[in-house]
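For reference, the structures are reproduced in the following blocks.
Each of the next two complexes has subunit A plus one other chain: subunit B in the first, subunit C in the second.
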Partner chain A sequence: MSFLDMDEWLVELQQRADVVYGPFVDTKEYPQDVDLVLIEGAVCNSDHVELLHTLRSRTKVVVAFGDCAVTGNVPAMRNALGGAAPVLQRAYIELADTNPQIPRAEGVVPPLLERVVPVHAVIPVEHFLPGCPPDAGKIKAFLTMLLEGQPVQLSPQEIKFG
Partner chain B sequence: MTQQIKIDPVTRIEGHAKITIQLDENGDVARARFHVVEFRGFEKFCEGRTLSEMPGITARTCGICPVSHILASAKAGDAILAVRIPPAAEKLRRIMNLGQIIQSHALSFFHLSAPDFLLGWDTPAASRNVFGMIASMPELARNGIRLRQFGQTIIELLGGRRIHPAWAVPGGVRAPLTPAGRDQIKVAIPQMLEIIQSTIELFRQVLKKHQREVQIFGNFPSLFMGLVGPDGQWEHYDGMLRFTDSSGNVIADQIDPANYREVIGEAVEPDSYLKSPYYKPFGYPDGMYRVGPLARLNVCERIGTPLADRELERFRAHGKGGAVTSSFLYHYARLIEILAAIEKIAEVIDDPDLLGDRLRADAGINKLEGVGVSEAPRGTLFHHYQVDENGLVKKVNLIIATGQNNLAMNRTITQIARHYIRGGSIPEPMLNRVEAGIRAFDPCLSCSVHALGRMPLKVVLMDAAGRVLDEVPRL
Partner chain C sequence: MAAKTLTINGQLISAEEDQTVLAAARDAGIEIPTLCHLEGLPDVGACRLCLVEIVGWPRLVPACVTKVAEGMEVYTDTERLRKYRRAILELIFAERNHVCSVCVSNGNCELQNLAMKLGMDHVRFEYRHPNLDVDVSHRLFGMDHNRCILCTRCVRVCWYVECAGTKNVAGRGVNSRIITDMNQPWAEAETCTNCGKCVQGCPTGALFYKGATVAEMERDRSKLEFIVTAREKKQWLV
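Take a look at the complex of A and B:
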């Protein structure tokens, strides 16, 4: 959502690019021939893996956007517990008063991966933009380089995590 | 033959979710279900971390309301240190929470929901979004952007950054406001008041044309819960829990949030990672209650600022003597809370305490358990920690705002789907109306995941045996 922190620059972006898919747009199916995708978040469940493969095959430039996408970050903290079972057990069995059970309705609730991984562990990625989240100024500078077809160069300041 | 429709992913919400609509033999809607498909596991993997890290870690549950998690977490920490934080720290935390309410509500209204009722339900899907608003209603879109920017700037001036500021800590806060920061907030207030008042005016016009939506978008009796002050006034940072029913009767009052387990139970359903809290004395699922802006305006006696209180009167007229029960009016309540938040900031902005430097009470671990609560933009948020003598976390429970609306969200989409979907045919704009029922609650599901480039909502049509008959890719 720090994307929206670009504030009035969004108006300019609207004139220079079509936003075709994502949380602000009602398109349900990832479109063909996309120029650029920013992927935020770590890879946590089977739906994520599927979507990553789809978008890789339909997109020119893939960006791992934010620390979770780049490293796994906070969601990957559960890896240290050795699998998905302990986190599920705590939340849905131990901390439930009614109907304790692990949600697993088939075709609806995707099973968790045993290990949370960063995006580039699943598909090749062209660029990494770290930050938790990357701040608006950084996103703007990054998108401007891409929109103008310049090579992407981040200053040491901009390659910071957190 | 019965069928199921699937909306996957649900779009223009924060987080990843699906909706399924189950049709009966006649092709009419039997029921609709909202499924949250992400889960992180904070409750478990925070074990062993230190208390002081908790605000920073749990803030990562959400990119929209990190401030709420930071505050609830810091307050759980206050309880464990067993300190009263310095008055200046409390005032500053309150201002940050008000900034948070403004930015989050503005995002929900302008960037996510308004395209439905301002551009129109039947606008083609490709342009029914904030970029479409920028193109066709640039002034209004800019107003929304400015309002959100104002809230974010307050957070940034206090916390040093807009998202995930590591600023509130157990015992207080790390830094005061600077005089320059205070002035920057102060000069913006008149313009912000103007923007929100004109938006409310506009929304009243919208309501005149959307009487049907008011009637069917989640209009049903339920309980409401929120924090209130000692005289029952609107509260966002502290206070006690109050439950009211849809006739407006107070059914439980002045409950210490630390005892939340006596009144709130949590149920699990197999088809969603989102749990369903309920009011324990009424059992599950009869104890359905709603939280968030609509609930807060229903449970409080008054807001306590002149403009917002005047608007509250108008809002209450929709309740005809009882509570306001239509979920579509969450939008109205959100705008009124933005107005209230700006007025409350204006009231305290000149307080010299805000620039003071007594900001943090120092103490060791004095209790092994603590509950912190705050009103997040979407509703009451609970952080409950148990720690050992060294302050290492042993057990965590989080009750997030959105979960508490789970039962009501399911009821809402079932009501809308029954109205618009007949005989198995499903035109896209109808499905969008079902999704809009979810948007009214402004759910924040990144409490289980964060995904900027991939968090839309999807509808699937399934038969009685659960076979998928039709997926509607929505373009």
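Take a look at the complex of A and C:
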């Protein structure tokens, strides 16, 4: 949403870069030879880990984008419960109003990781852009530096968590 | 009082003999990052953010508890210090649960500000994510152990300014906790005078006024400054 907040600059961006994968793109398979990926969200289940390894092997520059990707943020709060089993127990059994059961569907519902971790705990990351969410101005400034091939230098305000 | 002459980052400085390196630096307009230091409280050297290099000394020392000496050569912002400070900050973030986006102090937090200032864009250490309590038993205040950095500013303000002695540290190392009285819920701590000075003194979102939600917990440090000036200079300036 914050990305869309860049408004008309998106048109300019679209002229300088092809958007090849993401929530706005139909492709299901992560493409080869990608220059830049902005990866958002904490690493919570086995599908996330798999996608991270795939995109790392096919991408030049990986950016951890937003607090969840950079720190684990809110999704990682479940770690305090001590693992996947107690989390599922709490969410689907203890707090269930009707029909308490833990969802299980091999190959459909990816198993939760024992602990939620930030992206850089799984794959090497070139840049970090914190913020919950990183606001449009900050994303634009950041992308401009990358597009122009300048070294990425973020001001204190641009690396604020939260 | 005798004066001592020293250099800080090559700048010649004259300080009073009982001054700390931190006080002398700040008098000379040289900024050293701190977290556990609060003007008017005795220093304890808990956070280590204020580490400085002194030529000829074998190890780094905290500026807030190191007295000036004649001929001292102090450096406050070397590559080595920046590296250590950043690591210390990252360890603080990894130790408990700092989720700035949902924290009462988001935008008004000394820890968050320091992370921004020192360029901490991520934490390299594994987060511990301990399971910690929030004590909201008190009528007016809350204590969230998830955000506590054990700087002990609340303890010192409670003992040395309010002189109530309610707050204390229990346990050791990673199991240390700020407690009230004999480790009972805050509401049952009989020595607490409900003055709120600890809440004013806390650098993070660990102590807050009940009713403050995300990013709403702003502090008014002038209240503490008023008390400190009154005690030290016997001046009651509003």
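Definition applied: the second predicted complex is superposed on the first by the 158 of 162 C-alpha atoms of A that agree within 3 Å, B and C clash if a C-alpha of one lies under 4 Å from a C-alpha of the other, contacts with A are read in each partner's own complex, and residues count from 1 in each chain.
As a working rule, contacts are C-beta pairs under 8 Å (C-beta built on N, C-alpha and C of every residue); 3 or more make two chains touch, one makes a residue touch a chain.
In this text the structure is predicted, and so the values were computed from the model without any measurement.
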Touched partner set for A:A80, first subunit B, second subunit C, both or neither: both
Subunit B versus subunit C as contact partner of A:P130, first or second or both or neither: second
Contacts of A:V70 with subunit B and subunit C, given as first, second, both or neither: second
Dominant toucher of subunit A (residue count), subunit B or subunit C: B
Partner chain(s) touched by A:Q32 [first = subunit B, second = subunit C, both, neither]: neither
Subunit B versus subunit C as contact partner of A:Q150, first or second or both or neither: neither
Touching partner for A:D5 - first (subunit B), second (subunit C), both, neither: first
First, second, both or neither for A:H120, with subunit B first and subunit C second: second
Residues of subunit A that lie at the interface with subunit B and also at the interface with subunit C: 73-74, 77, 80-81, 132
Residues on subunit B engaged by subunit A in the complex (per definition of touch): 7-9, 11-14, 16, 18, 20, 35, 37-41, 43-46, 57, 60, 63-64, 107, 111-112, 125-126, 128-131, 134-135, 138, 141-142, 145-146, 148-149, 152, 161-164, 265-273, 275, 278, 280, 284, 397, 432, 449-459, 466, 468, 472-475
Subunit B-touching residues of subunit A, taken from the complex the two chains share: 1-5, 7-8, 10-11, 14, 18-29, 31, 37-41, 44-45, 47-48, 51, 55, 65-66, 68, 73-75, 77-78, 80-81, 84, 86-92, 95-105, 107-110, 112, 132-133, 135-136
Sites on subunit A touched by subunit C in the complex: 64, 67, 70-74, 76-77, 79-82, 115, 117-118, 120-121, 125, 128-130, 132, 154, 156-157, 159-162
Residues of subunit C defined as touching subunit A within the complex: 93, 97-103, 106-107, 112, 115-117, 119-124, 126-127, 129-132, 215
